[in-house]
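Both complexes below contain chain A, partnered by chain B and then by chain C.
So, the complex of A and B:
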């Protein structure tokens, strides 16, 4: 091993690899540490190590990672699911369990995920809610392909619609209405403050898609688009679940107050396992009074939401 | 029962795992038993077995061995080890079995539940009782197997001797 490895760096690569059977690093289990490496194994180790030395994230080196008990393929530059996001899924599952009527007994709930990335959120919801259906959208082509591939691997293609879509483009999302009003909108949108982007670790900066991270000046750009389109797509009393930056609960609260036309209420904030305010539950409060034409960033769709 | 205000987590101890916390008194009679109140840790039992005593989430302290960066999208660390302490007894468990922090948290609670049960209930704990029962069954099987073998031996001898007579 090159001297430049830190003890923890090597340990995390070995640990991450050893937790997956059938991987080349499976041969590094403790019982085989007393045997010398074969030339092929040595070459493999050197190749993987050099990638790690170039600060490639472990998940991209291994080409896979776990999320909520599912094994997902990982391919740069598609955003790697973070451990916190597992808690977002847990929260959604809790809420669905508590309000089965609201979510629709048959073929429900119908969920829209904005920014599906590798498909982590969409597929974990589908696998744990056997009656649910998900519309997963992303503006990145690589993300669309990867979600497709992961859905196929997990045999969940029959309950997912994967749609290339940029929600910030006018009129782009209107055709989603053809699938009917949704019970839930779930998202881990890009929420990093633009000025914080340069402080990200090299693993993130050099390998993950910056468009999946950069949320604009106050990290709110994509969030506001999601909140603005949600009332058009959600059923009465439908919910939005978001993962955000710890500074966002306050910012989102104020923003929603400035937009009473949306009829959205911030009903709960939940902390992640590090104690940071990380997740928001926003609810649509009943039928729209009318179409706030001048407040929308895009032209209105032809159909009026019911 | 609340932890003392001076309590802290020395970095070195995060690498030590399952031994009971050295600073706490070992004499369990000095400690109150944990409250079996409404908890966040389910005490699910199998149909034919009683459940493990539940853990009160308020008596637990949890630490995640990962970098204390901003977290969320701004961080990508693969270390997902969970260190969980049961404050009244001082028992600490570390769980690093899966790649998921969430799963590790659940597993850590399950492991801690068993250890706390043993700590407070000793020979009366579910784990100990199950072990005893398993051992007992094993001994019974051995005994039966031995008896069967001896019977076969005896029958064989009788058969041999009867052959010689004719």
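So, the complex of A and C:
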């Protein structure tokens, strides 16, 4: 085994092996370091290691990973939550705590998450804002199922609506209005520039859904759709929180200026713990647009898809 | 009977002379000597920790001494009066009776002064004509003196009650009412006991508390360098386990911050955060270099059956409260594995190691214990705060020119503080030349 490891040059294997405190076959408990492994344990370690040798991400091998203190199930090809996104959730929580008007009639804020993936953002917001409700949408079927499963594991199903939805399809989001205007829109949309996709590590390229990563030529495709539909769905002074590529704050700023009809302002840019501009706070200014049914930019089809 | 050793405790305590035998385990010949010994051992029970001393005195001696041992721990430079008292009254031996001490005029005067100060502070604060800065310090002093004044008050009242009872007894005697007399005597007894208790409480409150005693600590163990074999690493692991067991014995919370095993099963270095009641008070003397001498039974070194010597170092850092040490985020540089490249969706690594560099002081703290980078950052920040706090403490100490020989933090000390000799079955603490036998029990 050591020979194959060095052949692939995977330094992170050893580290990855020790980061499994809850894994049934290994633990940080010192006593296990001195006892020899049973044949069954050895077999399992062998199996897991071979998967790692195929560059499968550790999170998929273990089948679970932590996010904001919650343990979430991970299944390929659903996108694995990144640690930076935890800071996005922190920022949203801070803003909610500061603005009392973020509370809807029923108590907590009503939040829309676009591209929920494994449900990381939605579920951590729900667990830390006990009065909140979340509408989580995603275009991938696997993501919808996984979010459902994670919500069930964490017993948060009663406050979440999981809707299969592709926001780029015309008029697809219209029926979201039945739940009322939202206080917040949160998203970690696919934001990788298309030309950067090839340079991703094999773990990401081979196992994670490329649709969850590719944001088009300038990584802005999904972002622009979200920004375009938000004014229809948000309350007055409602907010949008996005995780983006470090090159996006400028691009988003100038895009918003080219679309004054949206009445959206880029209010703040926040850095992640590595010091890169990672998060955007955009606020809707101006009164709620008139009855949306009259003024939708796209003609409504006879049957709303999804 | 043979006095073969004459011992002096370090200067941080009052000079305490105890005679004991080097050979056998505390055989003493008379009750008086026994009391000296028990008192001294009892005082040092906090040093021993999980180790139990084997003693063969009459056990009832312990309870009596309990009250008196408080006398031993006055600091020289803080309470000159008491120290003076102790020295003056008993040059070669110490007055054990707290009551005797109480009757001493100097102490009475001291208490009176404190009481007066307390009352003037009371009036002062009530008048509210003091400005904010002064008010805070006055408040603090007031809070400090409050328990002392309360106990003093109680003692006064109790003494008054006793006087009344005494006069009542005398008058009763004349009238020959036996029953009432007995009742009065009983009551006098209970009040006398109460007074004794109050005295001891008073002395306890008078003893100035160590500044950082109640703090939680960060305990770090590191194995020393060996010339061969892994005795240091094995020993380090055992010591760390020992501290873990000790903290569970004391019902403290033991939170692992860092655990880096060595190649062959020992422990290279580890760190833990221990929180609970007066943790620092109990563990502060553990810092320094520990040396082991034994024939190892496990590990690499056990192949050759001869005595190996190894060292390991223990560092105990008191942990500051949030307000004590302020770390400005601008002063920090954070390095992580995700720092390379664009991060975010571009990267999926499980390497969550975080390294904090505090730019003004140059301190570097690493942490990779948790899965989450945010948690690692928090832990690293905590450790950084503790180390900065340590620096502040060291500065304080140098400035005050303290004569205490606390050996915390500076691993540069080449002086061994403690030797664990398994073959000869003894543990020696070099600072106080204290030996304990029967390591197995320990």
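One rule holds for everything that comes next: the second predicted complex is superposed on the first by the 262 of 306 C-alpha atoms of A that agree within 3 Å, B and C clash if a C-alpha of one lies under 4 Å from a C-alpha of the other, contacts with A are read in each partner's own complex, and residues count from 1 in each chain.
Just so we're on the same page, a contact is a pair of C-beta atoms (placed from the backbone, for glycine too) under 8 Å apart; a residue touches a chain by one contact, two chains touch by 3 or more.
Keep in mind that this is a model prediction, so the values were computed, not measured.
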Checklist line | Three-chain arrangement built on chain A, chain B and chain C clash or fit | finding: clash
Notebook entry, point to check: Which partner does A:237 contact after superposing on A: first (chain B), second (chain C), both, neither?
Noted result: neither
Item checked: Location of chain C clashes with chain B - one stretch out of 21-29, 381-389 or 417-425 -> 381-389
Checklist line | Set intersection of chain A contacts, chain C complex versus chain B complex | finding: 12, 15-16, 19, 57-59, 65-66, 69, 79-80, 82-84, 86-87, 188, 190-192, 196, 200-201, 203-204, 208, 213, 243, 245, 272-274, 276, 278
Item checked: Residue numbers on chain C that touch chain A, as the complex places them -> 237, 241, 256, 259, 261, 265, 267, 334, 336, 338-339, 342-352, 368, 371-374, 377
Checklist line | Interface residues, chain B side, partner chain A - complex | finding: 62, 64, 68-80, 96, 98-103, 105
Item checked: chain B-facing residues of chain A, complex -> 8, 12, 15-16, 19, 57-59, 65-69, 79-80, 82-84, 86-87, 90, 188, 190-192, 196, 199-201, 203-204, 208, 212-213, 243, 245, 272-274, 276, 278
Item checked: Residue ranges of chain A in contact with chain C within the complex -> 12, 15-16, 19, 21, 28, 30, 33-34, 57-59, 65-66, 69, 79-80, 82-84, 86-87, 188, 190-192, 196, 200-201, 203-204, 208, 213, 243, 245-246, 272-276, 278
